[in-house]
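The structures considered in this document are given below.
Here chain A shows up in two complexes: once beside chain B, once beside chain C.
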Partner chain A sequence: MPIDLYRIDDRLIHGQVIVGWGQPMDLGFIVLVDDEVAGSEWERELYRMGVPPEMALFFTSVDEAVARLGEWRADPRHGMLLTGDVETMRRLTERAPAIREVNVGGIHHRPGRTERLRYVFLSPEEEQALKAMEARGVTVTVRDVPSARALRLGELSGAAKTA
Partner chain B sequence: MSDPRGPATAPGGGGGPKAIVLAHGTVAEALVAAVDLITGRGDRFSPLSNQNLGAAEIDALLRERVDALGARVIFTDLPAGSCNFAACRLLKDTPGLMVVTGVNLPALLQFATRDTGSDADAVAAAVERGGSALRLLTGRPSAH
Partner chain C sequence: MITPDREPTAVAPRLSWGARVAVFTRMFAVQGSWNYELMLGPGIGFCAEPALRELPGGPDGDAYRQALARETRYFNAHPYFAAVAIGALVRAELEGRPAAQIERFRTAMCGPLGSLGDRLVWAGWLPFCSLVALLAFGLHASPVLVVILFLVLYNAGHIALRAWGVSTGWRSGLRVAASLGAPMLQRGPQYLARAVLFLAGLALPLAIARVVGRRGLEITSHDWRIALPGAALLAIALAVLLVRLPARVEGWRAALAVLAVLILTSIAR
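Entry: the complex of A and B
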């Protein structure tokens, strides 16, 4: 199986990812694309310590993720690619056209962001970046857990209507 | 009106919080309320929730509570959860801090009711009690 889910989640690896999605997906590996985590041995060990031992973790930069995406997509296990912010996913999708669908799983409150859903707060720049992904043909859906209905950007509260 | 992320102290009969319980949703408050109901010692714990918070906010909230209480023990629910990762981040620069994950009611009851020994002893006893409390119980096999 290729990577089943490309997810933006500012909690990175956490309960929803490992249990909520991981159990029904039979998740075998996670690719965590985050420069800060990739550059910190402490953070890498922290996540390794927390996840089930049978689940593989790859910590990468955007550059490495672009270079190795084909390898992960050919992996027989079910996989998930995670970024902690919209900007990282935007950079990734621009350079990796094989990514056709992105899941917004959790972007929480921060100054400058507006609440769109209980678990999604977006700045104008982040909303613009998500729309730009859609304009390039990437399907962007918003869903925290698999049992929830996948929403499109235009269905979010306060979303600007596009012509 | 109570803080939805959890009060700094829980109800109880005195002694003050010795540990923080950080968990998903309302789990921490419910566990601490149950400890109080059973032992009257809910005030040994300070419950916190990660609800609707990003990773950086959970980190900040927990650090603030640890500093405010001088707590040296944190119980979390899921090993791979954001609560546990936040607690483990504090291990890096908080000497003496202990994090226990996979918390359950028997573990908290054990910790709350141990009045002698060090925090480390109380934590070890809680881990033992909480771990051994998880058992499979089945009915007596039918005769046919």
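Entry: the complex of A and C
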């Protein structure tokens, strides 16, 4: 099993990812896909601080991720691919049909977003993008930590309330 | 060497001593407006505010309003290590860095500051201080002395950490990653974990000996018939409860909680 989880989390690397998922998954590497982080050395340095030394961390742009996905999927270690926003994951899934399942792990409050869950706030555009992914056959589930129940996108809309 | 997108100014911007003192004292209330939507965000804005007043245009200017709105947005990190973020963000704001860059910097700091704080404080310093206090109890210190010892020791570390954090953040600005990689911070949790295990071995038997008393529990054969199955049932019930509880309850926390209850009952007796 190469990349076990494709996750959208605007906090990128933090405790939930490293400990919450990393330990049960026996995570060996993380691919952080973000065009801006990939091009900014001080951001890369900061994110690297949050990862234990035995875990590999790759910073890539969307283009590079599409090109190298096959290589990571063949990696014997367990891996996680992480994007900071819905848009990056949408671009990635459109160009990499091998991605069949996407996990929404945390999208937090920002003006224009509506609360859907304590840890999921979505703008109308972001919701559309997630629905479009599902329409293309990608399974979208919402779950912050492995011990929580995975929710489907449809279960969120019903609970929608204004922030 | 880390080179930010734009070289930070070599000399820190001017900041009055009044503002520095106000930022530091406000940090004790950084969790005061904690909520699920913005987490520590409003606290960061509140702490940075006295410094932001020194932006061009003062507290009535646009720069102040925009910076304050930016600094109050979602932020999540360890409350003590948030000091590093406050120092670095105040500097970035006073240097007049682009809004987008500051926002990305804020996001990037959450992860490392959170994980460092979890490992160094919640899993290191807090159990260390608890066990030092427990050891004092085991060595027959008076209950009041035990409490004072814990509070003084724990808060000495806590306040020193905040002071170090805000000054490190202020000195480093966007290049703060290099300071967070300091060997003491990276290896600290490891050393503290060893000290915690050593102290636990020393303190637990002494504390239990004090609770139980010199002559031990004088249990007659009749009592054993009730005590053994009772203890077994209690252990099973506790184990079930522990498994059922959220993953936050770790073994050592549960053990310390049980011990605290034991000690409190022995004091009350």
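Assume the second predicted complex is superposed on the first by the 156 of 163 C-alpha atoms of A that agree within 3 Å, B and C clash if a C-alpha of one lies under 4 Å from a C-alpha of the other, contacts with A are read in each partner's own complex, and residues count from 1 in each chain.
As a working rule, a contact is a pair of C-beta atoms (placed from the backbone, for glycine too) under 8 Å apart; a residue touches a chain by one contact, two chains touch by 3 or more.
Computed from a predicted model, the values in this text were never measured in an experiment.
Engineer: Looking at the combined model built on chain A, do chain B and chain C fit side by side or clash?
Structural biologist: clash
Engineer: Tell me which partner touches more residues of chain A in the superposed arrangement, chain B or chain C.
Structural biologist: Between chain B and chain C, C touches the greater number of residues in chain A.
Engineer: Tell me which partner A:107 touches in the superposition: chain B (first), chain C (second), both or neither.
Structural biologist: In the superposition, A:107 contacts chain B only.
Engineer: Once chain A of both complexes is superposed, is A:40 in touch with chain B (first), chain C (second), both, or neither?
Structural biologist: In the superposition, A:40 touches chain C alone.
Engineer: On the A-aligned overlay, A:13 touches which partner chain: chain B = first, chain C = second, or both, or neither?
Structural biologist: So A:13 meets both chain B and chain C here.
Engineer: Look at A:147 in the shared chain and tell me whether it touches chain B only, chain C only, both, or neither; answer first, second, both or neither.
Structural biologist: second
Engineer: Once the shared chain is lined up, is A:50 touching chain B (first), chain C (second), both, or neither of them?
Structural biologist: After superposing on A, A:50 lies in contact with both chain B and chain C.
Engineer: Choose the clashing stretch of chain C with respect to chain B from the list 39-47, 57-65 or 255-263.
Structural biologist: Only 39-47 shows clashing C-alpha atoms.
Engineer: Enumerate the residues of chain A that count as touching chain B in its complex and touching chain C in the other.
Structural biologist: In the superposed arrangement, which is not itself an observed complex, chain A uses residues 10-15, 17-19, 42, 46-47, 49-50, 84, 108-110, 118-119 for both chain B and chain C.
Engineer: Under the definition above, what is the set of chain B residues touching chain A in their complex?
Structural biologist: On the chain B side, the touching residues are 24, 52-58, 78-82, 84-85, 88-89, 92.
Engineer: Enumerate the contact residues on chain C facing chain A in the complex.
Structural biologist: Touch residues, chain C against chain A: 2-5, 36-39, 73-74, 76, 104-105, 107-112, 114-116, 118, 174-178, 180-181, 246-247.
Engineer: Across the complex, what residues on chain A touch chain B?
Structural biologist: Touching chain B from chain A are residues 10-15, 17-19, 42, 46-47, 49-52, 84, 106-110, 118-119.
Engineer: Looking at the complex, which residues from chain A come into contact with chain C?
Structural biologist: 10-15, 17-19, 36-37, 40-43, 45-50, 84, 108-110, 115, 118-119, 121, 145, 147, 163
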